[in-house]
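Same chain, two partners: chain A is paired with chain B first, then with chain C.
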Partner chain A sequence: MSRLTNQAALPLLLALVAFSIISASGFGITELDHQQVWQCMVGECSKSIYQTILFEVRLPRVLLGFLAGFGLAIAGVLMQNVTRNPLADPYLFGIVSGAGLGATLATLLPESVQFISMPIAAFIGALAAVSLVLMVVMNNNWRQVSHLLLAGVAVSFLLSSMTSFILYMGDAFSANRVIFWLMGSLTRADDKTLLVIAPVIIVSLLTSLVLARQLDALLLSDESASTLGVNVPRLRVIILIICAASTAVIVSFCGGIGFVGLMIPHIARTLFGITTARLLIASGLLGGCFLVWVDVAARTILTGQEIPIGVITSAMGSVFFLALMRKM
Partner chain B sequence: MANSVLSCKQLSWHVNNKRIVSEINFVLNKGETVGIVGPNGAGKTTLLKCLSSQIKNIDGHVFLHGHNMQFMPAKSIAKHISVVSQQESPAFNLTVQDIVQMGLIPHKGLFERDTEHDRIKISRALAQVELTNKNQQLFSTLSGGEQQRCLIARAIVQSADILIMDEPTNHLDIYYQHQILQLVKKLNLTLLITIHDLNLAAQYCDRLLIMKDGELLADNSTSKVLSKSLLKETFGLDCHIDENPFTNKPRITFKGGSHVQID
Partner chain C sequence: MAFPKLKCNVLVAMFLLLAFSLTSKPVQSQEELAQKAQAQEELAKQEKDKELKIIALAPHIVEMLFEIGAGQSIIGTSEHSDYPEEAKAIPRVGNYARLNIEHILALQPDVIIAWRSGTPSDDLERLKQFGLNVVYSQPQHLLDVSKEIRELGELTGNQAIAEQKALKFEAQLANIKHTYQEKRPVSVFYEIWAKPLTTVARNAWPQQQLALCQASNPFIDLATDYPQVNLEQVFIANPQVIIQPHSSDKTNPDAINWQNYQQIDGAKHRQILHPNADKLHRMSFRLVDELEKLCQDLDNSRRFYQQMSDIQN
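Now for the complex of A and B:
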């Protein structure tokens, strides 16, 4: 497939983003349809309740979906470029397992503080998982990408087994809540959530864009990058920290939404090119739109019931992963 | 040593208590083409990596334009030394243009964008290596010779004054071997090249270093280094040396045959 030029790609993606956000806001259980959404957006709401539903319920959720998809996709780009492995994904670093363990431990705290303690504990767990991976590989051939990935998988299993043990020993109610949370959901969407996630994603994107040229150098080989003046170990640590922070903050509010970071960069790479700056922006915008529409599907496929968003992304992602492995 | 651009003093590197490169001293002068020859495992590639700061934990010193390279930032080194390695196999489908563009990296600040001057520089480099019409082609679909030319174009864009090449003629047929070496000679850079083919070394290098078991056996002009006794000591084979009728440079023919032992 031929790649789109810069001039064509960005307007096309921005149009897709605008269409997705406005259009997805028209789906829901109340009678606020697409036409009324548009009227509310241009300041001509027919009922004040519509304004409340749109700006306090639907739009925050759509925007949270967009930001989560954006963040996961750029974390995927960074992980794949920095490890030069097309199968790399932030989840391979044990981030979800770490977040899951944190959330599970939070259920042991008094119920009154769990609303706030669960995301914080998940965030700490996710960062701890990445730190553990880095500690394992830091002194031992850490230039080798395969070591990094294998350490991630091992840490992931270790933390998952600890989570399973705690859930097994704990009470059924708390266990159910953690399990539902781990499946991924955008139900926590509100202004406060957006105000926490948005700055982290924006800072991650800007830092990655600043380092894009150096990341490009890594695409050939570590040796090649170092002869081009890139401090490879330092760059890798910075990028892993960015990935950990952005994924952890998303996971801590939205739970486990797997495989977005794997699928989207692949599609974006085919359509928009390989160099890091283009790929970051294209993947981010595409990933945001993708998750917005997955959430629409999650809310509308079963009437009166919501499917956890992570279930859909994991189902799609694992098929994609298998197809990719077959092609490799 | 006004002409010295790169030199090393008592340069050694060991891994797991085994010395791979041992107490090397030599000077690379401006404009020279110096070849490093020697048997497999002699430490040639390792020496290049030490000299281009890809290996950092060395014993001894490397000086670049008189400055101790250990204290130089990677970016400053990259402004003076470009490296073309044996073979690159990118994990993703990079185009020729993507790779040549990477040559700009050492010259760009974090917030700097490409300028019109950069674009001209890239297209000139592509023209120099005759890859202009393949600039959008995937690197992985190029022939071995074209891949080498693409990496040379990246080195041209990098604008370094020293070009280090690790066995650039490996895997290339005889036409491309000469094409690549003629191309880099035309760039008027200081060249340091590891090379297996002694006749190519004789034809294109001004000076040769012979390495064996991590040590420098000889450092002299091509005609002096390519002697029967030294080649016998290095490669363990008898040879005949006469003159290449086209270039008047030494031509080496190894005896080979039944006395070559299989270990």
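Now for the complex of A and C:
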């Protein structure tokens, strides 16, 4: 596939983003379709409840989908570039298992505070997982990327087993809640969620754009980057912390949305090239649009109920992953 | 002369008919009025019921609402609400894992009745934030069913019928308790799930039912309400009866074929019971009839073992 030029790529992607967000806002309950949404946008909604549904439920959800997709995709780019491993993704550190353990522990708290404590507990769990992985590899040789991967897998298994044990010993219904939460969902979307997630993703993007040229150098090899004056260990720690923080925030609100961080950077790389700055922006926009449409599918395929979003991303991601392996 | 007499008779008859029709007209209209008033009253009640728009988020809540005559007020429900037959036509607005917030908001319910354990608490919190009235159902003990029937009666304005149903339920439970409390305990294994082999203990819903039937459960003191056990433990416990509940519409292909384990008394003597899981496990009115049946079946097993021991002695 021929790569798109700078001039063509950005407007094309921005148009795709605008189209996705506007068009996705028209999917949901059948009464509030595109025509009604248009009416609400240009004037008055035909029913006041539509106003609430559109602006307080549906639009925040579409925007959260975009932000989460954006964040996971750029975290994926960073992880793949910093480890020079095409299979790296933001969940490498056992973040989902950590968040899952946090969420599980949160179910032991009284029901009345669970709404607040579940994302916070999940975030603490995710950070704990990352810290554990980093602690293991920090004393080790950083250049051994495989150690990072292996430590992530081991921590993942450890935390998952703890989660399973707590669920088994606990109330039969909390198991359902945690398992479905881990499958991912954007239903938690509201203004507050967006206000927490958006700054983290913007800071992550800006920081990584500032470090983009150093990351380009790192793509060659650690030695070449050092020769060019890059402080490789420091750069790697900064990038890993950025990825961990943004992924942990996304996971704690949206649950485990798998494979976006792995799949989108590879598609973007094929279309827009490997230069870090270009790749970051392109992957982010593409990932955002992807998740917006996956969520449309999640909430419209089955009438009266939703499919957990992580189920769809993982299903698509796995097929893509297998295709990728055939080429490798 | 016959003719003038006949003429006279006809005249009298016509006069009487006229008089009757003139006098009877106001009487008929009074009856009509009374009928009309009654119809209007019924219509008003129906409209009042219709006015209250309920979203009932669990099968047992739907069953109870229909039972107390408030079924037509339900405008949305969750999956698996399949009883009575009319419940199948109610629009689905979610399941135990996720609610469709948009759909619920668009239906504009007056009240949402949710099962605390089986409804996602984060979604309910969001609905509360939108100003919707959420009421919880959380039956923990068998008698909570009648308590909740009364509460639903208060909520829907159907107190009289709710009270009547609640009293009937309580009387049936008391009768079961009275009938079996002095009986000799019969040991049972309750297979709630086969792979992994899961049973009931402590305060689990079926365990409370076993206690009423005077059935002893060797696993009652395990750590959780629904513990997984090893088949070896069942061999050692050697229960006299095996209870393997079945869902009415489907059989579980994974269910253990206990006939393969003749070492266990229950299997050896073919004392294997298959109560209806949909009725027994659902916290609503129907459970009490099925429970009566289960207790009777267990009593038959009890008698079987008694006779066997009498013969041996």
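One rule holds for everything that comes next: the second predicted complex is superposed on the first by the 318 of 328 C-alpha atoms of A that agree within 3 Å, B and C clash if a C-alpha of one lies under 4 Å from a C-alpha of the other, contacts with A are read in each partner's own complex, and residues count from 1 in each chain.
The definition used in the following text is that a contact is a pair of C-beta atoms (placed from the backbone, for glycine too) under 8 Å apart; a residue touches a chain by one contact, two chains touch by 3 or more.
Just so it is clear, the structure is predicted and the values come from calculations on it, not from any experiment.
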Chain B versus chain C as contact partner of A:Thr275, first or second or both or neither: first
Partner chain in contact with A:Asp33 - chain B first, chain C second, else both or neither: neither
Chain touching more of chain A, residue-wise (chain B, chain C): C
Contacts of A:Phe173 with chain B and chain C, given as first, second, both or neither: second
Which superposed partner A:Thr52 touches (first chain B, second chain C, both, neither): second
First, second, both or neither for A:Asp191, with chain B first and chain C second: neither
Of chain A, residues touching chain C in the complex: 28-29, 31-32, 49-50, 52-53, 56-58, 111, 114-115, 118, 168-173, 176-177, 180, 185, 187-188, 190, 299, 303-306, 308
Contact set on chain B toward chain A in their complex: 49, 52-54, 73-79, 81-83, 85, 88-95, 98-99, 101-106, 108, 110-111, 158
Residue ranges of chain C in contact with chain A within the complex: 79, 91-103, 105-106, 108, 116-118, 120-123, 125-126, 129-130, 223-226, 228
Footprint of chain B on chain A - complex, ascending: 84-86, 210-211, 213-214, 216-217, 219-221, 223-224, 226-231, 269, 274-275
